[in-house]
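Just below sit the structures, each encoded as structure tokens.
In what follows, subunit A forms one complex with subunit B and a second complex with subunit C.
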Partner chain A sequence: MTDQSHLFIQSNAISTDQKKSKRTFHWGRLPDNTTGWLLSLPLAFVLFFFLVLPIAMIVVVSFWGATEFSIYPAFQFENYEFLLTSPVTYQVFWNTIKYALVTWVLTLGIGFTVAYFLAFHVRSLTWQVVLFLLCTIPFWTSNIIRMISWIPFLGRNGIANSTLISMGVIDEPLEWLLFSDFSVILAFVHLYTLFMVVPIFNTMMRIDKSLIEAASDNGASGFQTLTNVIIPLTKPGIMIGSIFVITLVMGDFITVRFMSGSQKANVGRLISNDISLLQYPSAAATAVILLITVLLVISVLLRFVDIRKEL
Partner chain B sequence: MEKRSRSFYALAAFFGLFLVFLYGPTLTIGMLSFQGSQGGLTFPMRGVSLHWFRDLFEQQAVGDIWGSFFRSLTLGLMVMVTTVIVSVMGGLAFRKRFAGSGVIFYLIITSLVIPSILVSLGVGLIFSQAGLSVHWSTSGYGSQLTWTLPFGLLIMFAVFNRFDKSYEEAARDQGANSWQTIRYVVLPIIAPMLIGVALFGFTLSYDEFARTLLTAGSYNTLPLEIYGMTTNVTTPVIFALGTLTTLFSFVVIGVFLSIVLVMNKRRSRHGSDAGKGMV
Partner chain C sequence: MTEKLEKKGVSRRSILKGGAAATGAALGSGVITGFPTIWAQNIKDVTLRQFGTGVSNLNEVAAKVKEDLGFTLEMTALDSDAVTQRAATQPDSFDIADIEYWICKKVWPTGNLQAMDTSKIKNYDKIVGIFRDGKLTPESTIAQGTAPHTVSFVEGVDGKEFVDKESGWMTLIPTIYNADTLGIRPDLIGRPIKNWSELLNPEFKGKASILDISSIGIMDMAMVVESMGEYKYPDKGNMTKEEIDMTLGIFTEAKKNGQFRAFWKTFDESVNLMASGEVVIQSMWSPAITAVRSQGIPCVYQPLEEGYRSWGGGIGLSKSLSGLELDAAYEYINWYLDGWVGGFLMRQGYYSAVPENSKNYMSEDEWGFWFEGKAAEGDITNPFGKVMEKAGAVRDGGSFYDRMGAVACWNAVMDENQYMVRKWNEFIAA
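Moving on to the complex of A and B:
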């Protein structure tokens, strides 16, 4: 994915070249546009009907009204008014941001270390590929099963508690292991660290190894090389990974519901609760606010890196 | 070869722990799914049996698991084929900048970062307001594409970025038309990457939950069925199901990766026929 903007730069360069050389020849641009449109037609079709239209629909419905059983078209700000004046909303948004921040810090720390090990300490390409695949395989398996698989570990009589008791660390089983903020964040880290590992590893593999040699020739210690050479050059990968993790955590509802045993809430759960009560307009209003928040966070992240140039 | 530094061993240990963290829970439920018929959701094992697997095959016991499995399988294949075709076309389109390509690019990124529940909610609302009934093969299928297509496209963008255009020029010089160039030159060269796109398309669809939640209709896909089970099943039968579907995923991943491996091996064995008098 990281090559996307090169593509743009490249094609940009090509098309400006073409424009210069074929300034008098006006046909030149038309076929490009036509083939481009024809080839991206199915893509545009899917994106329009299953992304643009649904978002538009959510925005429209967020102004509608609802009775207990049905929703009716209207243009009222009641849903937003209710949402923005309720203290629950702010608490839930704060909770969502808290989950995102803590998960981000943990996945970044773990993901960076893992990618750093793979890229700079594993020497043969075969091993790099094998170990990298080991890190990515869980991505292609079911998230729900991976959440369920924490139950035997974290439960009151689970492996963690019984091990700690038999080691004499604790006398009573810890209650906060399962169905708590702890288990929610643990599951997030478990599910999403590979979204950090993959882009960071990808950028690290493209760092010219002679730069590292140059750093050590100039007397930099391993740690100085890391902070002065590797981390700055890995920034694009870190940003992409961060965008993935933060948006996944902010938009989640199922992990929070399952791992907290319905005891904790985030914005996604607010939406899904409204949906289960058939309060679609209220769900839509919350969804609009969530979408705006997510897009704001991403635009802030994009400020740190020019994604089209750096990707 | 220079000696391994101390930090290597520290990092290797960290990596090992990470793998344990990644796979440990899955292996645990793998073990616990062989729990004896009196056993519970955690250790100790009360005997070893296939009791819970047998439960899965008795249909009434735990809902419509096999029906939902076949629906997920069918949907996964549909999404896979569509993702490959649309991504290749999109990849080809984006090799040149065209009017509107910027908009589509940002829509792809939006599709990737938008909270899944919004797609689910929006598509569900559209279908209900249009008086259509949601079904996994229509609304569910479209919603899942908004998740698989960005991955497929980003892979294709990366592929075409590295693609050596002189192969195409050579084909054209020898008189191939543009369809022939794509069919006999471009597609064979990118074939291994297409298998990768197919892997993403199938597995992401097969495991997708949030985007199908409100768009699958009255017939559940497997992840929806499993989620339903978590609220009312309190026996290791859910571990048995988890183990089976994870094994299935591993088999699928294994098959796809082996195909790529075989393709690459074959390619390097046959190599180029340049200068061998082939016409």
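Moving on to the complex of A and C:
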């Protein structure tokens, strides 16, 4: 599975490529740092037009005003004022963070276990590849289909409830199976665990097996090897997986809408509701606050591990 | 609106079919039937782009337009929020907007639509009174909310302000309308339901639902609040901030107590909730009831003592229409009111703007069942040939005058709409 590791050393590969091309392609007498600037221009343009500019636009619009059917330029704090003074906002942000946290813990637990099994228990490379591909099969169908197929399963008269009733475990159908926090988180975990498995598996495959032998030679128990060798060395994979899962969950709105029967809200739904009602400035203000929150969370995560160094 | 998403699939097909029809017509070109008054040969090249909420965006209509009038009608179906957005922000992306009256109130001030000269509309005088002076019959009272006639007329072709009389310049030509009420599962409830207040009856805890489209949902809520005897609104269609807070407060409390199983936003969601038994009482649209029933599951569109919440849609013209296209658009509108479409829509349980013309395109029995509220003599089929009702069935709520005469309010846009929308958002999030 060395192919996988290429994904994460791409950045190194690119920089060596650049150095090579510099050697073969002569820029005349251009000084080195000018070449560097020129080479970074295309990327800078792309990032400027497709990342910086849209975000700047969102920030600007978040201060505008809106009528029923139009938005007008202004510089007012009304959108933020409404947002930050409403108790519902805090509740919704808390909900968003709660979903992200719970989903993170569960996907990490499951993802780590699966990756560990694949990397250390499955000995043959062929089987590792086969089993890994097996994990990705659900991804051949659409996100929405995988999510919605839970609804008939979990419903009041669904398969889960009728099975439990016929087994005599419960007498009354369990109402909380569907259209609840439970079903939302279940769908999140189902949808996003693979994003945890892939990077963790990838870093695990790169762990030098002799380190594990050395640990056991030195008398470390299996658990000690896990906590002292494997987990520290898998940290970058865990971090990358965590960033994927947390940003995906925090930005999601459709899963929450369908799996909670529109009864629960996260920030994404707040924004999508605003947009559908033409309240762009208010949506933009919410988006800005969400962006700040997510950036804070990611920067906290990055404090724990310097991904660039680890890679 | 109301019945918005159900025809999404149809619309995609309608585009394909429309394309196929266009090709077919091109092959056998020169054969123009029907009654176009513009004989210009180049009318065949005219393409009118219509978008709307899906209820009346039917591929059969586009095909019939091609057959009768010779030009091409391209249709796009969207949900009502997307329709509003498009009408307000992309005036050049359409020629004909098929929107609801409350959407008209929202988007007319943008100036993206042009008023129609009623003297060019042949059947104008036959259009049902609701859309002209607001009165179904001379004695009837006008319901609260955004009643269609209040947003039907402006001063001139580019008038921005609605006027209170038949000025000769019409904003929308009505296409389709109906009276909505609660849908129930009589087999799971087992007793008669007579009032809107039953939606919040603790008996149905965890088995009720309401729709998550603010302009429509707030009116359903107001009907419930009045029925509970909590409050009598001076005008449900134009609440004050305090009234909005109070209304949503009552529902937020019910939500926190677990009254609702889910909220729905699209037609098919409401069908699934009802058919699966997750919900036994909810706000619903008429064709959704039919869809549940066609699965063999009992479902009733329950007439209630307090009356109906009504909605109506109409077609408006883009301000950028002119010349031949504008003539074609008038041609289309006249054709629309001539009865074929009306009959087509009425056989699905909607009402058309000029029922007397639609009658010509319906059988005696169909007219009796759908319009007059009489018991069906034979099986009643919809335009697609599917049996909707067996012989002997009577329409829920009775005749046209019984149903449209009992309208208590119209879907509305309030002066405090922005506040309401934000509060609605909070209700959903609470």
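In the analysis below, the second predicted complex is superposed on the first by the 257 of 311 C-alpha atoms of A that agree within 3 Å, B and C clash if a C-alpha of one lies under 4 Å from a C-alpha of the other, contacts with A are read in each partner's own complex, and residues count from 1 in each chain.
Definition applied: contacts are C-beta pairs under 8 Å (C-beta built on N, C-alpha and C of every residue); 3 or more make two chains touch, one makes a residue touch a chain.
Predicted model only: the values in this text are computed from it and were never measured.
**Q** Who does A:Leu277 touch here: subunit B (first), subunit C (second), both, or neither?
**A** A:Leu277: touches subunit C, not subunit B.
**Q** With both complexes overlaid on chain A, does A:Ser162 touch subunit B (first), subunit C (second), both or neither?
**A** First partner only.
**Q** Of the partners subunit B and subunit C, which touch A:Ile55 in the superposed model: first, second, both, neither?
**A** The first partner, subunit B, only.
**Q** Mind working out whether A:Ile207 is in touch with subunit B, subunit C, both or neither, as first, second, both or neither?
**A** In the superposed model, A:Ile207 contacts neither subunit B nor subunit C.
**Q** Quick one: classify A:Ser86 as touching subunit B (first), subunit C (second), both or neither.
**A** A:Ser86 contacts subunit C only, not subunit B.
**Q** By residue count, which of the two partners contacts subunit A more extensively, subunit B or subunit C?
**A** B
**Q** In the overlaid three-chain picture, which partner chain does A:Phe179 touch, first (subunit B) or second (subunit C), both, or neither?
**A** So A:Phe179 only meets subunit C here.
**Q** Is A:Pro152 in contact with subunit B, with subunit C, with both, or with neither (first, second, both, neither)?
**A** In the superposed model, A:Pro152 contacts both subunit B and subunit C.
**Q** For A:Gly36, decide between first (touching subunit B), second (touching subunit C), both and neither.
**A** A:Gly36: touches subunit B, not subunit C.
**Q** What is the contact status of A:Ala220 with respect to subunit B (first) and subunit C (second): first, second, both, or neither?
**A** Neither partner.
**Q** Take the contacts of subunit A with subunit B and those with subunit C, and give the residues found in both.
**A** Dual-contact residues (subunit A): 151-152, 155, 157.
**Q** Quick check on the complex: what are the subunit C residues that touch subunit A?
**A** Contact set of subunit C toward subunit A: 81-82, 84-85, 88-89, 106-107, 109-110, 206, 209, 212, 214, 255, 260-265, 272-273, 276-278, 413, 417-418, 421-422, 425-426, 428-430.
**Q** State the interface residues of subunit A toward subunit B in the complex, per the touch definition above.
**A** Those residues of subunit A that touch subunit B are 1-4, 6-8, 10-12, 14-15, 32-33, 35-44, 46-47, 49-55, 57-58, 61, 110, 113-114, 116-118, 121, 123, 131, 133-135, 137-138, 140-146, 148-153, 155, 157-159, 162, 190, 193, 222, 243-244, 247, 250-254, 258, 268, 271-272, 275, 280, 283-284, 287, 290-291, 294, 298.
**Q** Taking the touch rule as given, give the residues of subunit B at its contact with subunit A in the complex, in rising order.
**A** Touching subunit A: residues 1, 5, 7-8, 11-12, 14-15, 18-19, 21-26, 28-29, 32, 41-43, 85-86, 89-90, 92-101, 104-105, 107-108, 110-119, 121-123, 125-126, 129, 142-143, 145-146, 149, 151, 153-155, 157-158, 160-162, 199-200, 203-204, 206-207, 209-210, 213-214, 223, 226-227, 230, 238-239, 242, 245-246, 249-250, 252-253, 257 of subunit B.
**Q** Enumerate the contact residues on subunit A facing subunit C in the complex.
**A** Those in contact with subunit C are residues 66-70, 82, 86, 88, 91-92, 95, 151-152, 155-157, 175, 178-179, 257, 260-265, 269-270, 273-274, 276-279, 282.
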